[in-house]
Structure formats: structure tokens, C-alpha cells
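Read through the structures below before going on.
In what follows, subunit A forms one complex with subunit B and a second complex with subunit C.
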Partner chain A sequence: MILEGSVRLPFRYAAGTTASTFLEALRDEGRLLGSRCPACGTVLCPPRLDCRCGERATELVEVGPAGTLVSWTELPGRGAYGLVRPDGADTAFVHRLLDAPESLRGGMRVHARFAEERSGGIADLAGFEVAS
Partner chain B sequence: MSVAVAGVGESGPALDDPRSIPEIVLEAVEEALQEARLGFDSVDAVVTASVDLLDGLTASNIAVTEVVGAVLKPETRIAADGLVAAIHGSCLVRAGAYETVLVVAHGKASLGPYWELTSWALDPIFLQPLGLDFLACAGLQARALAEDDAAAEQRWARIAAERRRAAAAHGVAPACTAEDVLASPAVASPLRRESCAPLADGATAIVLRAAGPAEPGVHLGGVGFDLSPHALGERELTEWDGLRRAWARALAVHGTRPTLDVAEPSCVFAYEEDLFRHALELDPGTEVSPGGGLFAGFVPVAAGLSRLAAVVRALRGPGGLRAGVAHGTWGPAGQGQAVAILEAA
Partner chain C sequence: MRRVAVVGTGQTRHAKAREDVSQPELVREAARAALEDAGIGPAEIDAVVLSNMELFEGRALPELWAGEGAFAAGKPCLKVATGGTSGTSACIAGFHLAASGLFDVVLVAGFEKHSEGHTQTGMALTDPFWDRAVASGAVGNFALSISQLQAERGITEEQAALVAVKARRNAARNPHAHLQMAELTVDEVLDSRMLAHPVRMLDMCPQSDGACAIVVASDEPARRLCPRPAWVRAAVTRHEQPYLGDVDRRLLTMRTLRDAARAAYDAAGIREPLRELDVAEIYEPVTYAELAWYEALGLCEEGEAGRLIEDGVTAMDGELPVNPSGGVLSTNPVGASGVIRVAEAALQIHGRGGERQVEGASTALATGYGVYAWSDVVVLQAEAA
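Here is the complex of A and B:
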């Protein structure tokens, strides 16, 4: 016998002070921020307080909005995702790719497109499109 | 002191097993104890591996406490791949804390939409809102490898077909050809439906016992594990460098570099075999997944422990094999890596 069930649990995720600053700049100014580690110089995007070298990456710097496509994938009915390293950052992050997958190629230049209506959250960045 | 694998038991892999998780687990535990010629009263401690998210309830180990004989006993639960549970169990024995430790892992993919569920194991601020899951993460990793390797997709199709052929007799999916793999629909390009191991239900149990180094049987030797950063963009995506580190630790514990007759990697996707071979600098003479590996059926969480069981069976077989390696992985695109050396004494 199979019994159907489901779990729906609402949560209030605290983004944290560093990510909140990133999300505020994204929402209010349409800018991408990274965190720079004063000890090793690494720029993390999205910004994190904890640098891998053990120091705190406390300095926030603007990165992008252009960047490099590191990798990408397409899922049927779900669109394409890309791993993008914004200019000025040492790390890449995953977001949506807005172009047809046939045109995509690792190493190509892409550009952030910000959502027209922004309400707080990573979706305020609509995704990346191939730089023209 | 050495750690012997005194018994192994498995249930599955099976497609949509109608039994409950405790029933599936019980079958594996009974078989392992029977092989070890031991009863529950001889088990000093239990290490289980399970993941709440995949079982649809919290404290998923509580559901199996009775069937693993952990009532009134020290039980540790690992929320990672089952091979990590075996590693922790071996540490308990090696430390002299317990003589006999039962290690059990289970997974029941038919419980829910597995890949969809993995979305909940991703960062809730930056990744979950995008609808990302482990399948998409694997697609990103595979693409990073294929982009500079025109032959990659053909090679992966041949690997998948070879594993499926080897697994057809005992697995949950029929044999298929490399052409079938390449003709199957993309699920997360460049990954195709048939280049992914089929999901299944099952459980694996092993009994670890303190033993003298020369005591006949299969011994669990060097072990190691490692975690990479969660974010794909903070890793070198074209490598499993976490596995390289885990392997270096296993070799350091082992003391020597054994000649591996057999390797049982936890490869859910054919491309992962490239990463595995590369990380271990595998000798061409090592036979990889002679029974098709996870292409016989990918049981989440139990996968790595089932690979250990497969190596034990190979070393006990008539082939005179001396040493093998079992591998487990968990998290997105191989974030967690575990590896264990097994030797016939």
C-alpha cells in the first residue's frame, strides 16, 4: 500500500549581512558586488565573509556586469543555466542564461541583465546574456 | 590491529520496491549477520547512513533503529554517502572502542522525485530560488569537461553502454548500445537519459570486526574522505580534486600503494568515470565496475557502501584478486568524496 504525503514548511532564511548588502545593491542599484579579502586579495562573488585563506573578506567591491561563461547546461523545459565569472571576481556563480543554447560556448563573454521589477533576492538578476 | 569485513548483505537494487524502508534494511542486515555468523547480541555498535530529505521525514535513522539492532546500543548516524559510515565504523574498531560494528545504509529513490528533492540540498539564498538541482550541477560539470574534448560525448556513451551491458543481468535497466545512449533525450546537456545510472531502491549492510593483520578474509585498509566548497564556482570543476585529496589520505593511512585489481567507483554519470580514473591515477590494469557499477541501479546514500560490498565480493571470488578500491560521493557535482582500500588477507 502506498500512502501519499507531502511536506510544506515555510522558512525565513536570513541571508546574512554580507549577502544582504549584495542583494540590496542588486535590487536598488542594479549592481553586482563581490567581497575582497584584504589578506590574499581574492574577490568572492557572491560575496562571503569567510575567505578560504582564513581571513575575513570584509571589503565590498563592484564586479561585472560583464563576465566570462565558464560552463553551461540546458534542461528540457527549464531553460539554460550558466556558471559565470564576473569581471573583477575570482569565483564564478550559477545563474540563468537568457540566450538560445545553440549560441553558447564556454569562454564566451556574457553580460548581466537585471530584472525590470526587483523585489529582493537573487532573481533580481534576470540572468546573463551573450555580450553583443 | 586490522579491520575485517566479516559479512556483507544487500537488498536491491530494485525498481519501486513495494516494501517499507525498515523491511528493505532488515533483509540486508540479516544477510550480513548471517554471513558473519553473528547475532545482534554480538554487535557492539551501529553506524547508519540516511538522509532525511530523501526519506521524507526527519531523523530518518529513527525509522531503522530496531531493524539494525541499535536499541540500547551506541548508534551513530551519518547524513552522507554510506561509505562514510563504513569509514567511521572502521575508525571505531581501529580505535579499539568496539570489536564488532554493523554499518548500514539505505535509499529509496521511488519515495519521491529524487532530482527535484536535491534542490533542497543547495544554498537557499543563491541557488534554490533558481530551481537548480544536482542534475543541473552535473550538467555544468560535464559541459566543462566536454567543451575542450570533442570525443567526450562518444566516450561517455561507450562507457554507459558497457556498464549497462555488464549490469543487464542483475540491474534494473536493460542493456543498451552507445548509439542508444547518444539517441536518448538530453536531461541536462550534455548528459542524456541513458548516460545516467537508473535510480533504484535498496540497502547495504556490512559487519566490521577487529582482526589480526593475517587473519583470512577481506580487510578494510586505508580510508579517506574530503569536502570541496559547496559552490561550483569556487572549485576547479573539471576535476574531482576532493577525491584526489581523499585518496592521498587513504594511501597515507594504508602505508603503501597497493596494486588495484578492481575499482568500484560511485559513478551516476558516465563522465564521472573520467574524473575518478584521473583523481586516482588509475592503472590501466585495474578493472573498473565489472558488474556495471551503479548502472545496475543507483541507490542514493547506499551507493558507496554497495560499492564496498561489490569489492568485497570480487576479492572473495575465484579470480584470486588481491586488492580493490571502493568510492562514494555526495552533494552537488562530487562535493563530498570518500574512498576505501580493501585487501584480501
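Here is the complex of A and C:
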């Protein structure tokens, strides 16, 4: 006998002050922020309050909107995704790529495109497109 | 610290769906087999360590169901969770418990029943802020790293396909394995459906239902229970930053695995792993990862991994057979997969490998891999040192 069904899973996760500031700047100003560690200088994007070296990275600096496409992939039916390192950041993050996969290659310059309607969340960054 | 050894192993038949058994029944199948292999009864187990990824079944408190299957009632019982590494980490925790002197005989049991839940949903439940909205998933994240591996190391699709062929052909000699494909060819791998460029269906591990258990014993009981114990010479685990983009060229550098391997080889006195290891059971969730791990494990120089698979160095009749069991590419009940690596390495030393036995194996490697954030490395040896 197989018991079948599905469950709905409500959630409300706190982003913390640093990521909240990042999400607010993204939504309200169309800007990308990174956290800069006063001790080791590492800039993390998306930002985190606590640097990997142990210090608190309370300083937020603007990164991007241009950046480098580190690597890319294509998920059939869902378009292209890439690992993008915004200028000024030491880390990269995974996000949507807005160009056709055939035109992509690692090391390309890309540029952030922000969503027209922004409501709070990483989807306010519509994706990255190849810089013209 | 006392010396410890693996003295018994047990596995279920692994399959796409084990609808004939419940979760505790599946675990009991493996636990009973491990106890029979060690020649002991449940009363002789002093402690139990468990491994499972509960989000994959969508069922809370898996330690209750796995614990029931693993004879844990009335005994000390813990669950260990380190992503895909959970199974190897649970084994390492079991080694530590027995080495500490607190317990003489420890049962380690891992299981997963992917068919009962929705693995992709479970994976998507990880990071809610950045990754969930993008939802590129495990395959997408592998693909992003693999394109770097191809670009920097010249790894080809054909070389990756050779890994897939080796794994599934080896699995055909393992009665427990899920995907047994004795006739698989490189062309069939290259013709399989693209999941996320450049990763194809047959490059990826399956999702399996299955369980695996091992019996760990300290010095005296180990000698009493097993004619040829698989002594633990090294057991190392390393963790790393959580997000894929946190670490530059993650699959290429794989600092966790490099560091864990170096520490394990030092502990075991291994200088030339390719020559000194007799067999390896490594956690390769995707074909390309096996090639990256060859480098990280020091089996070859940078850029030489493709040659290793082309020359058959890691084939059953090669210098170092890698994954005689068929590996994770052939069988992947995630919570059990790490336990399977250790069990398969141990049974090679026990000399109980049947058709997949590497003749005379006396030094065996087992590794675990967890979402780019954990690596475990275990070295087992016939000599207690």
C-alpha cells in the first residue's frame, strides 16, 4: 500500500540586518551592495554580517552593476544560468542569464538588469546580460 | 585512543523504488545483514549512529524510523548530518565513539528512500534568500563548475562518458547495485538527454532507495569478531563556505578534499596514493567529479585526470580500481551512499567482495562528498599499524 499526498510548507525567514539592507537597496534604488570586512578587506556579495575571518563586516559598499561571467550552464526549457562576480566583489553568486546560451562563454563581461517592478527579494535582479 | 576496525557490512538491494518495505524495514534489512556479517546479535551493539536526509522524504525525525530499524531502542543513538557526506561522517563518528573507549561495538546505519518524497523540492529548500528564487538545483550547480573544469583542464565529454561506462559496467558485478549496465557504451552516454549543459542524464547519479550499515569495533572485539578486520588508519572530515560562488573555481580546487586527503595520507603513512592504495570507493555524484577528485586525491598531476580514465588506470584491472561497486553513479540513496563507500572499502579488505573483489586488497580508500561544503576521507588497512 502506498500512502500519497502533498504538504504545503509556509515559512517566514529573517534575512538579518545586512542582507535586509542589500534587499532594500536592490528594491528601492536598483543597486547591488557587498559587505566589506574591515580586517581582511574581503567583499562578499550577497553581503553577510559576519566575515569568514571572524570579524564583523558592517561596512556595505556598492558592487557591480557590471561584472564577470565566471561560468554558465543551460537548463533545457528554463534558460541560462551563470555564476557572476560583480565588479568590486571577491565572491560570485548564481543567477539568471538573459542572453541566448549560444552567445555565452566564461570570462565575458556582463551587466545587471533590474526588474521593472520590484517587491523585495533576489528576483528584483532580473538577471545579467552580456555587456554591449 | 584505541584502534578501531570495520568488522561487518550489510546492504539492501538498492533500486529506484523499494515499495516492498517501509523505512524502518529497509534499515533493518541492512542492519541485520551487517550483524550477520559480523557474527553478532543486536544485544552486542553498544551504540548506534544514523544518517539520512529528512527533506528528501519530507518526513521529520528520521532518527525515529531509522533507529527502530537499527536496533537502537535501549541504546545510545545519534544522527549525523553533513549533507551528502552524512554517511561517511556517521562512520567517522562511529570510529570516534569506539576509539574513545566509551563503546566497544558501534553500529552505523544510513538510508534514503528517494521514491517516497521529492528530492528536487528537498534541495530547493536549502537557501531561501538567493538560491531558492533561482533554483538551478544540484545538477545546475555541478554544471556551472564543470564548464570551468573543461576549460581549465581540457576534460572532454568523451572522458566523462568513460567514467559513466566504467561505473555502470562495474555495477553489473555488484548484486546490490541499482543501475547495472554491463553493455553501456560511450556513445549511449553521449546520446543521453542533456540535463544542464554539459551534464547529460548518464553523467549523473540516480536517486535510489536503499540502506547500508557497518559494524565498528575497538581493538579486542575487532580481533575476536573478524578474521581480517579493516583497520581505520585515517578518518578525516573538512568543511567549507556554504554558497557555490563563495570559493573560486570550486570543483577544480576542492580544498576540502585536497586537505582531507593530505591529512589522511599523512596519518596512514601514504606517500604515493596511486601506487600504495589497492582500491578506492569515492563519492562521485557526477562523472566529471570523479575526474576532478583524481587530482584532489593526488592520484595524478593537474590536467592528467582524463588520461587516467582513458588509459584504464582506474578500471577493475588497472593499477588502482576506483569504485568496483559501481559507485554513486550506479547507486545513490544519499543518506546511505557514504556508508556504502566505507562498507565497500571494508569488504574489499575482508575479502568478501565476490565478483567485484580486487584480489589481495589490503589498503582501501573511501571518500564522502556533501554539497561542495564537506569532504570526508577514510583509509582502511588490513594491518593494524
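The criterion applied here is as follows: the second predicted complex is superposed on the first by the 132 of 132 C-alpha atoms of A that agree within 3 Å, B and C clash if a C-alpha of one lies under 4 Å from a C-alpha of the other, contacts with A are read in each partner's own complex, and residues count from 1 in each chain.
Here, a contact is a pair of C-beta atoms (placed from the backbone, for glycine too) under 8 Å apart; a residue touches a chain by one contact, two chains touch by 3 or more.
A quick note: this is a predicted structure, and the numbers were derived from the prediction, not measured.
**Student:** Label the relationship between subunit B and subunit C on subunit A in the superposed model as either fit or clash.
**Tutor:** clash
**Student:** After lining up the shared chain so the two structures overlap, which partner does A:G5 touch, if you call subunit B first and subunit C second: first, second, both or neither?
**Tutor:** First partner only.
**Student:** Applying the document's definition of touch, where does A:R36 land relative to subunit B and subunit C: first, second, both, or neither?
**Tutor:** A:R36 contacts neither subunit B nor subunit C.
**Student:** Touch test for A:A92: subunit B only (first), subunit C only (second), both, or neither?
**Tutor:** both
**Student:** Where on subunit A do subunit B and subunit C both make contact?
**Tutor:** 2, 7, 11, 13, 15, 19, 23, 44, 46, 52, 70-76, 81-85, 91-96, 101, 106, 121-123
**Student:** For the complex, give me every residue of subunit A touching subunit B.
**Tutor:** 2, 5, 7, 11, 13, 15-16, 19, 23, 44, 46, 52, 70-76, 78, 81-85, 91-96, 101, 105-107, 121-123
**Student:** Which of the residues in subunit A end up touching subunit C in this complex?
**Tutor:** 2, 7, 9, 11, 13, 15, 19, 23, 44, 46, 52, 70-76, 81-85, 91-96, 101, 106, 121-123
**Student:** Inside the complex, what are the residues of subunit B that reach subunit A?
**Tutor:** Touch residues, subunit B against subunit A: 18, 56, 124-127, 129-132, 135-137, 139-144, 147-148, 185-191, 229, 231-234, 237.
**Student:** Help me check something: in the complex, which residues belonging to subunit C touch subunit A?
**Tutor:** 19, 58, 125, 128-131, 133-134, 136, 139-141, 143-145, 147-148, 151, 194-199, 241, 243-246, 248
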